[in-house]
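Read through the structures below before going on.
Okay, so chain A shows up in both of these, paired with chain B first and chain C after.
And now, the complex of A and B:
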């Protein structure tokens, strides 16, 4: 598996319970909402605990990779904006409608979540362009394609869809809610 | 004021003596649900430590002020953290269980089962945290250990205290729920390790086969350990009859349940053997034999003295697993709706075969959780 991108790294290797969680809690307070924190730990118990803690604290537990004795936990800090889930881009489909488009073979899916979120599960064939990189990668998209923009809750994809539309892309649709409730096929890596 | 430490030894005494204790388990909910300290005299509360990092307000109202409170976690670190918080909040009698559930899982409580022919004695080692039962037959300076767990020092030291040398280490079958200490005891004491040959086909180290009709004599007073082939939980499962009084039934027959045939992935093949063993071979034995199984699963199986034992005749009347007249119904019972398999059971089997050699820390992790060898 290719290296997964993170914005911050916390070294909790060699620490025993409860320290990995104590440190993670402290660290995440200092980072920006929506950013991805990688916690490297060696305590096998940290896996279940980080997941449970993150879910209660409202953060997004993305997943854990094991490299030798090191557990690499990826957490994305909660963002209030996304939680509100308001979208304003007019052209919208729901998850089931996207599934139909995919089976018809006419949809190009752009996943604008962070690459770590993408790595732990995305729609097969979806192209990863994190929202923050959209400006620099916008030329990779074809104006003729039927573009469906997806994120976790429909909020970031709303912003991305607006941006694409402003740049002159004609066939842009926002997928709401997106990956948080996606029950179709997913692939990892 | 600071919190005090409670050893798992002390915790075990409280379980056996049915003392009252308020036990706050700060592992996460899944872990608690899966496996916890079992006792009727304890009051339990589960609240993960990560919900208590800013203080114990979320549960302050639920903790009694006039009772001992012990905190337990997975390994003993988080419980100290929470115990500290309790002390800060003004609670007086606060304990942290040293080593947590891991240490609890490794604690063995020796209980004397009875005297044997001559000067012989029989002990049961109750692993309260995991439900494993091991045995030691001692006679005239010699000892045999049956179904030893991996905490071999406990057995070796116990024999030494009794002035006995361990000459034999036997397993009733290839275990899938816990790591056997038989091989290590043999290595450390020069004892001979015995295993039924049908369970030893993939074994990677030296052993002595023990088969139907074999006898092993412990000490000069000649206590017989008689092997009785009793397949079903595994294809090699063998029971031992000790001193014509005790039936060590391995994982074939428990006090309130019977063994499951599926842990090597061969439920359909072995279910017939299991039935023959329980309904025919055991039936021919004396009702007065005292059944000593390799496990217990329910705290009701613990007697008041902390032992697990019952007469075979009583089990033929009361154990649900022995009352199923219809063969199809029996087949259904032991192959369908089984409880989840024990954690890491495949890896544990490979370790007991000598195919894998995890270090001690890994062995501990593999054994976390209940034994789940039974169906009822």
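And now, the complex of A and C:
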């Protein structure tokens, strides 16, 4: 698997229980909501620990990659705005409708989650453009395409869909809720 | 997030291994954003003693107790395989190899994480331990102080 992008890295290699969790908690307090923290640890118990801890603390556990003896845990810090889940972009489909469009082969799916979230599971064929990079990558999109914007809960994709339509993209649709409830095919990269 | 949960541990034992377990759980719970209190009573108080020669005024019995009981976390005996002092040496070697934190570091980490370390005043009196013999930042209290924290604890342990 290619290197997954993270915003912050915590080196917890060589630490034994409970230190990886204690350090992770401290580290995540210092980072911005929505950012991705990579925790590198060698304690084999850290996988279960980090996953359980992140879910309890309300953060998003993305996944773990093993490289030799090192476990690379990816966590995305919780963001309150997303939890509210209010969307205002008018053109909306649900997951099932998107599935139908995909089987008809007419949809271009843009995944605006962080690249680490994308790496641990996305809709096959979806293009990764994290919300923060949308401005710089907007030219990669084709105005003629039927664009479906997806994220985890429909919130970031709402912002992205608004931005795209402001920029003149005509056929833009937000997918709600998105990957948090996605039960169709998933591809990892 | 929901209301902060509480973890409360009574550390009765003065064994190194048991105290370690108590402090590992406490530190883990603090990372879970629990409000954590460790209530040290009887032999558990020895984990909080300073490893220094102090001469607070004491009665003869108190002095005897003071001499016989271990001074501080790193001088506690093991609950098993003590072997006249060889056991703790061996286990500390193994711990070093596995990067497990020694007890005194776990205690500092607990203080850093704002875990309340409570010393039972009644048993301090019985064992003749004075406040100045214990580490800095220790709160003194009795059973009521413990119950106040413990009554709505999500986790309550007696170690």
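Quick note on the criterion: the second predicted complex is superposed on the first by the 189 of 189 C-alpha atoms of A that agree within 3 Å, B and C clash if a C-alpha of one lies under 4 Å from a C-alpha of the other, contacts with A are read in each partner's own complex, and residues count from 1 in each chain.
We adopt the following convention: a contact is a pair of C-beta atoms (placed from the backbone, for glycine too) under 8 Å apart; a residue touches a chain by one contact, two chains touch by 3 or more.
Note that this is a predicted model, so its numbers are computed, not measured.
Superposition note: with chain A as the common reference, chain B and chain C are in steric clash.
In the superposition on chain A, A:21 makes contact with both chain B and chain C.
Touch criterion not met for A:184: it reaches neither chain B nor chain C. Once the two complexes are overlaid on the shared chain, A:58 sits against chain C while remaining clear of chain B.
In the superposed model, A:48 makes contact with chain B only, not with chain C. Clashing C-alpha atoms between chain C and chain B turn up only in stretch 24-32, chosen from 24-32, 60-68 or 132-140, once the structures are aligned on chain A.
Shared contact residues of chain A, touching chain B in one structure and chain C in the other: 16-19, 21-22, 25, 53, 56.
Residues 16-19, 21-22, 25, 44-45, 48-49, 52-53, 56 of chain A are the ones that touch chain B when the two sit in their complex. Residue ranges of chain B in contact with chain A, taken from their complex: 28-31, 48-51, 53, 73-75, 77-78, 81, 365. The touching residues of chain C, counted against chain A in their complex, run 1, 24, 27-28, 30-33, 98-101, 109, 113. Of all the residues in chain A, the ones that touch chain C in their complex are 14-19, 21-22, 24-25, 53, 56-58.
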